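There are two complexes below, and they share chain A, which is joined by chain B in the first and by chain C in the second.
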Partner chain A sequence: MRIRAQRDDLADVLVRANRAVGTRTALPVLQGLLCEVAGSILRVTGTDLDMTVTTSAEVDVLEEGRVVIPGRLLTEAVRKMPAGQVTIGVKDNDVEIEGNGPRFTVRPLTIDDFPVLDDVVVDGVEVDGEALAEAVGQVTIAASSDGARPILTGVLFESSEAGLRMVATDSYRLAKKDLAGVGLEGTGLVPARGLRELPRTIGSSKVTAQLGDREAVFSSDKGMLRLRLIDGSFPKYQSLLPDTYPNQVILEKEALLDALGRVALVAEDHIPVRLKLTDGGVEVTVSRQDVGGETEHLEGEFSGTDEEVTIAFNPRYLQEGVTVISGDSIRIRVIDGFKPSVLDDGGEGDYIYLLMPVRV
Partner chain B sequence: MWTEPILHVDMDAFFVEVERLRDETLRDRPVAVGGVGRRGVIASASYEARAFGVRSAQPTAIARRLCRELVVVSPGHGRYGEMSEMVFAIFRSFTPYVEGLSLDEAFLDITGLRRHYESPIDVARDIRAKIATDLGLPASVGIAATKFVAKLASEVAKPDGYRHVPVDVQLQFLHALPVDALWGVGPATFAGLRKLGVITVGDLAEIPEPTVTSSLGPTVGRHLIDLANGIDPRPVQSDSEAKSLSVEETFSSDLRGQDRIEAALLGQSQRLSGRLRRSGFAAETISIKVRYDDFTTLTRSVTPGVAVDSPRDLFSVGKQLLGEVDLSRPVRLLGLGGASLVAASTPRQLRMDSNERLDRLADAVFGVRERFGEHAVDPARLIDMQTEDLESDR
Partner chain C sequence: MRLVIARCTVDYSGRLDAHLPEAVRLIMVKADGTLAIHSDGNASKPLNWMVSPNVLETSDDRWVVSNKKGERLTITLHEIIQDVTHNLGDDPGLVKDGVEDHLQALLADKPWILEEGLTLIRREFPTDIGPVDLLCADANGVTVAVEVKRRGDIDGVEQLARYIERLDNDSRLAPVRGILTAQSIAPQAIVLAEARGIEAVEIDYDGLKEAEDTELRLFSIR
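Moving on, here comes the complex of A and B:
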């Protein structure tokens, strides 16, 4: 195998494929990127078995062939070459990476150890790439990173009346997003960790999505992201969503984020921020025994059956939810200090962020 | 900001008072808890007995000579540990900053309550009232700017009172005390100080520092001079971090099968929850211990992200941990423990699967069990198991 291409074009396909390569892998060969050259195309594949990224680029092909090269070294070596043409080729069982002077010699990994991935027939529904990337950002914040409960590390994909519904929860909060007009068939639990990589690996203006029995596949003109589905059944979340909320307040999003930024100076995860919803808006208070506190008033429209209602949240959870809600205002609907609150943009929105309070 | 946010709460004649809860006839009489044998020593004396000169650490024989009517109760009848856990639970319901010194005394930092109370005196009054109404025990409280002044103040407050030492009269209060009231002044140091003509704390504050340090050494000397001037920067060290609580049992016949093992875990969840609640704690880390019939022992632990104290949560976490070990082998011993304890009053992130009604039920069950005994209410699964045990015993 031997190819030649512009440094920046090569670096782009390598860096994106390398995002699937883990630092700690079960098999040594998974530290490598599979580079396949046929016709005029270089195809690069990185995988950690749960997530697989394939990218490709048109290059000058001097010799066809396949080789597995340690991913981090290959990627960094190409990136650090002088600008201009870079050549990658196999010579005497070593890989040579050469660019206008510098030359690396790298031992390849055993190609026969590289996992054989099933072929995919791209046959999905087309989704607006930006809308998908936004949706991914909005739901994955609520997914758990705790490997002890694998089901909660996934995002549920299911079809709804509106289109595609995505739901994630770590049991302290839940995010639900409807992507209208996306007629994706089937149901599956897609790993949030891999999904977060979507914009950075194959993000594009048009993405094709498909959901199989064992994996979800996203493809675009920039490559393909394959995510192995998580086994198990997602919690029955519908029953957790309250039907009615006696109290609600509508706040300016920027003002709320600024306030939470000030709160964060005093609070840590385990120090809750208290919101007192009352006529005229919300009183925000945080206090910490060994540090001090902060308090302020936020203008807002309050309506409720209670004269006032106080609720406390983990400030980081609250901030993360407010950040991803699109629009200029935030509606917070509250039952009481012990039941889930729901945040959204106040309209007939396609996104809700449900947050459990902190009992104080 | 309060200038005197440190409390020292000291239970009055704790062992005696716990015995009095058990036996009403011990009230209003000189009573001591201690060894009744020939070499017995008094552990704790009631104030009626102290009036006769009975002191703790005194040989029982001497105490009896000083006070003819003295009733000596041998220790062990009373539920000292359990009552102490309940006293500390009350402390922690006021503040998470509790530093226990022994079963019956602790420092509390109540800075965090300044929004809720007019003054530290009101906090002290409430704590004393709660211990008296809930547990029927007397306690004395010292209120001061520093730990050691608070401890001296509670000594002065005894029995069944409180003493507030405002920071501006702190030195007057201190200087009038005998020097051996200071922490760290034992008989040897006391003798050294007497040679320097130091009788009261005030004397110590007046003599030049080199005189003290050359006689007692630089570290001790400097420290005592600081104390004599009311300087004690040591903060209240809440002792929850290091502590852990656990229950375990060795079974008379090995447990076989997942069902039996989980049922045993369920019982332990109830008991551990009871102990946690009694001491006012919730556990951030949960562990299990499994010993098989060949004595190989495994432990597994997890930190679920929220502190747990209810039987239901303990059981569900414990069950998850049991999933990590081989349950097809006979189990000789099973244990369930909680570590990284935090005050149950610290804010708790609620979960979507938390169930308020089940939590209230658990509270009610806990109340019933506290009052009528451990097996007054049991999960049906455990009752089955007890019946089976009875049958297999026959």
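Moving on, here comes the complex of A and C:
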């Protein structure tokens, strides 16, 4: 195999495929990138078996072939080459990476050890890439990173009346997003860790999505992202969504985020932020015995059956939810200090963020 | 990791001379070069071994392991019954259950186990002589320093007394009282703790793990 291409073009396809390469993996070959050259195309594949990224670029092909090259070294070597053309080729059982002077000699990994990936027939539904990326960002914040409960590390994909529904929960919060008009068939639990890589690996204005029995496949003109589905039953989330909310307040999003930024100066994860909803808005308070506290009033429209209601939240969870809600306003709907509150943009939006309070 | 089950004889020379007569044994060669010869007994201890760094030279019927100390292990292979090589990957290390760190984490989540109304201010609260495991506040807002041990002894009491003395110098925290907590506490430590005004609380580690989670969740995760 031997190819030649502009450094930046090569670096782009390598960096994106390398995002699937695990740094700690049982199989040494999984630390490598499979580079396949045929016709005028270089195809690069990285995988940790749960997530597979394939990218491709048109290059000058001097000799066709296949080789597995240590991913991090290859990617960094190309990135650090002087600007201009870079050549990658196999010579005397080694891989040579050359560009305007510098020349790396790299031992390839055993190509026969590289996992054989099933062929995929791209036959999904087309989704607006920016809308999908936004939805991924809005939903994956609520997914757990606790590997002991794999089901909670996934994002449920299912069809809804509106189109595609995506739901994630870590048991303290739940994010639900409807992507209207996306007629994706099937149901599956897609790993949030891999989904977060979607915008960075194959993000584009149009993305094709498909759900199989074992994997979700996203493809675009930038490449393909394949994510192995998580086995198990997702919690029955519909029953968690309250029917009525006796109290609500509408706040300016930027003002609330600014206030939560100030709260974060005092609070740590386990120090709750208290919101007292009352006429005229919200009193935000945080107090930590060994440091001190902070309090402020935020103007807002309060309406409710109670004169005032106080509720406390994990400040990070609250801040993350507010951040991903689109629009200029945040509506917080509250039952009481022990039941889940719902945050949204105040309209008939397609996104809600359900957040459990903290007992104080 | 290479595992060879073979009928072999073994000769060691070095600090002493030793000979293992012909028999079927397991020869284990680890990725770091360590070689060990096991019989089907002798618990976990090998019959003979050479730790790395060493040099292993192999031929069809003879392996020789040597090191810079002049030790030499010669394995004569009469019959190879199994020869398996497998990459075990990265070792995540030994995870011990019940060590102080885990106890500390569990108590940080559920400080009220120690005393009703106790809430966490901070884990590993720094003082100029070292961090206090847990700094808490009791139901009346009084600061409580908690030292977590697997086994409570006199040293633990003295350590906590020193922390309390340092924390009492901080006007934002004073007055500070202390709780020494462990799975078991020595009688002498309990006597000394009482004398120092420190409470000694034994905790049931398994019970602590099972203790009802009072964090509010959207649904049960058990």
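By our rule, the second predicted complex is superposed on the first by the 360 of 360 C-alpha atoms of A that agree within 3 Å, B and C clash if a C-alpha of one lies under 4 Å from a C-alpha of the other, contacts with A are read in each partner's own complex, and residues count from 1 in each chain.
Basically, a residue touches a chain if its C-beta (ideal position, glycine included) is under 8 Å from a C-beta of that chain, and two chains touch if they have at least 3 such contacts.
Everything numeric in this text was worked out from a predicted model, so none of it was measured.
Taken together in the superposed arrangement on chain A, chain B and chain C clash.
In the superposition on chain A, contact is made by A:L152 with chain C only, not with chain B. In the superposed model, A:P272 makes contact with chain B only, not with chain C. Contacts of A:P235 after superposition on the shared chain: both chain B and chain C are touched. In the superposed model, A:A135 makes contact with neither chain B nor chain C.
In the superposed model, A:A216 lies in contact with neither chain B nor chain C. Looking at the shared chain after the overlay, A:P28 reaches chain C, while chain B stays out of its contact range.
By the touch criterion stated above, A:I352 is placed in contact with neither chain B nor chain C.
Legend: residue contacts after superposition of the two complexes on their common chain; A:S171 is shown touching both chain B and chain C.
Chain C is struck by only one stretch of chain B after the chain A overlay, and of the options 44-52, 242-250 or 260-268 that stretch is 242-250. Overlap of the chain B and chain C interfaces on chain A: residues 169, 171-174, 235, 240, 270, 289, 338, 340, 354, 356-359. Of all the residues in chain A, the ones that touch chain B in their complex are 146, 148, 169, 171-174, 235, 240, 270-272, 287, 289, 312, 314, 338-340, 354, 356-360. In the complex of the two chains, the chain B residues touching chain A come out as 96-97, 109, 111-112, 115, 302, 305, 320, 346-354, 356. The part of chain A that touches chain C in the complex is made up of residues 24-28, 149, 152, 169, 171-174, 235, 240, 268, 270, 288-290, 338, 340, 354, 356-359. Residues 87-90, 108, 120-122, 125, 135, 137, 141, 143, 172-173, 214-219, 221 of chain C are the ones touching chain A in the complex.
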